[in-house]
């Protein structure tokens, strides 16, 4: 039994007011997620991540395809008893306090008064909101709201937890806390399915990732396999190269970047970086560094999503992407 | 939208129940509404009884929507009138109060005065048979709209036609003729009414003026009916003169108008204003045929 | 945990939520103020002081209750959709039908309690004016009951529109249905007089399709101390029950199909 299984999941939204034309948000997504561990759904904005989650939670209905959660069809909402969901940019009843809100959610699951009390207390402690018992939710900061949202997703001690962009809008400290929380849930044997466009978060957290682009599944794999793929290129940095050396560099390297007095180039595996290095040394070049470039999730992502021209928003809109690569 | 074929059993069951409830209750509403209507009498009449209060107080309460409200009451009055007419009601107790309310709310609602003048005064079943109420309504209208001479015309008309008070009618026409913009025939009318009150010719002239003035269709239709009746009455009188003449010459009553044609008194069979041929009755007098649509009672 | 207790949980919560709406207190306050003003208003018109108090008092209960019904009816469902607080509820094991029914019941309780408060204010004013209660004063209570039945329908209309439209439009539509529902008999009459068969059929259908609020008019009867016929109380209750079922079913059907993008 899979935690999440989708078969050919497709979703068309109709756009336009007068003449409706379909807009394919999700295109034949077939995916299997094992129980246990952390699964990341990656993709640029508008790739269909939120749509996927909303289909699984029955907030929107698929145009075609089917899906199962924990072996049960998504149309059978009794499976909601075993799952938790944190919506993207959550918003809660602003007049309630966090304990009141969590209590309401617990009541829906039919928990008794004592069980509710205990559960709410534990969860507030766990997400670090224990000291804000009296504050109404409308006075919560973005980070606190996010944590309250995570608490409500965990109210029923779910087996499978969906988190839509759990880190968005959080400061570095908040992100660290949420990350630790997710890792803690994995320790308990839960399955976590989360979507993000921040590759760094995915790289540090996920056991497996799927890459979604324009509604299509573009890549799927374990994080170990992705990161341990063979070395594919090397980077050489020269100081004060002569024009002749620069010419040589340009003929061999896949990219040459000049910054001040240094020239940095990337030599692909095919051009045999060691021989290139030898050539430079022969001609008296001053080599500052020679590094093997290891594959990162970002490389994998770019490879799958395509050239920067095809997905311009990945790099430009999200500078932190890949910033925490080892 | 989800394809309807892919809903689970539970979901289907709920949808089915909802549709069933919806249909069953809507169907049940129908007879229930009919029964409520029956018990209450026809719906709006119950409402109408609520409206006999003072329009002036209402006007202060209706937050500047008095114009709209006046229109609503005016519409109500017309509807009430139409429904009462359909039912051939002997009395229309609410017509006066409704018109009063409408004109209280909007004192410049001229159509309400003019309509009211004709139909409040007219005898049942054509109207409410309350000429005094009509006079009161018109006087109120004249006070509120002093420059509008047509209300004087209507006032004079009610005096003339419904109350047969020819001096008062003449005075009203004269007063109206002195208003700015009044038609010249108002003076003629004043004189004619004073001199020959009660004659068909004068009556026809009055109805004709009402008919010619563009306005409420109901009023014009009524004027046309009255004119037809008056014309038929005049024609019948003339035909009876011819029949009398024939009898004196031939020494016997004619059995039909064909006999009068043969004798050269007529060129063709005479027809009444509704197009039906006149006939000669058993008493030897000219009369309307059964097919005629003219209602002679309208000519008094 | 069965359906009924989930519905009850949602009903209780929406009641608690509506109680915190400030607009509600303002409206109840205004209604009480107007009833108090009726005392003054009545004291300057000789002889019909009590009539005026009953007329004005029942009218304010009706008008302000109507505003409440529209405000909270629209506010507590359409707003929940617009602000996405609904996502949390629907990701729990709550059927959409349960959500709608629970919301409706919660709002109904809110309205009953608010109307009760206004009715208390009304009777206090009545006592202040007449210094006694007579048997006939109970008629006003019957009239208030009929007003409450109208609110029950209005909340249903508001919830139905909330399921298919935005909050502002829902409020406008609900108000329109209320106004039209008061003039249904006239509309049918227009249709009949119009002469066109199509128009007649159409207006006839509308007459039975839209909620007929004219069924519940009894304020003037109460003001003149006339008894409200028993058949009216019974048939109006039945009518409200049937029509509310129609509205809630329609709302559920619309809501089951609705997607939350």
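Letters A, B and C mark the chains in the order given here, with residues in each chain numbered from 1 onward.
In this text, a contact is a pair of C-beta atoms (placed from the backbone, for glycine too) under 8 Å apart; a residue touches a chain by one contact, two chains touch by 3 or more.
Model, not experiment: these values are computed from the prediction.
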Reference subunit A; chain at largest CA-centroid distance: B
Closest chain to global C-alpha mean, per-chain Cα centroids: C
Intercentroid distance (Cα basis), subunit C paired with subunit B, Å: 41
Between subunit A and subunit B, centroid-to-centroid distance (C-alpha), Å: 80
Centre-of-Cα separation between subunit C and subunit A, whole angstrom: 48
Residues of subunit A touching at least two other chains: 61, 77
Numbers and ranges of subunit B residues touching at least 2 other chains: 1-2, 10-11
Interface hub residues of subunit C, defined as touching at least two other chains: 95, 259
Touching residues (chain side subunit B, partner subunit C) in the complex: 1-2, 10-11, 14-15, 18-19, 21-22, 25-26, 28-30, 32-33, 35-36, 39-40, 42-44, 46-47, 49-50, 75-76, 79, 82-83
Footprint of subunit B on subunit C - complex, ascending: 95, 97, 184-186, 189, 193, 207-209, 212, 214-215, 217, 219-220, 229, 231-232, 235-236, 238-239, 242-243, 245-246, 249-250, 252-253, 256-257, 259
Subunit C-facing residues of subunit A, complex: 13, 54, 57-61, 77-78, 80-81, 83-85, 87, 89-93, 95, 104-105, 107-110, 152, 156
Residues on subunit C engaged by subunit A in the complex (per definition of touch): 1, 5-6, 9-10, 13, 17, 20, 83-85, 87-95, 259-261
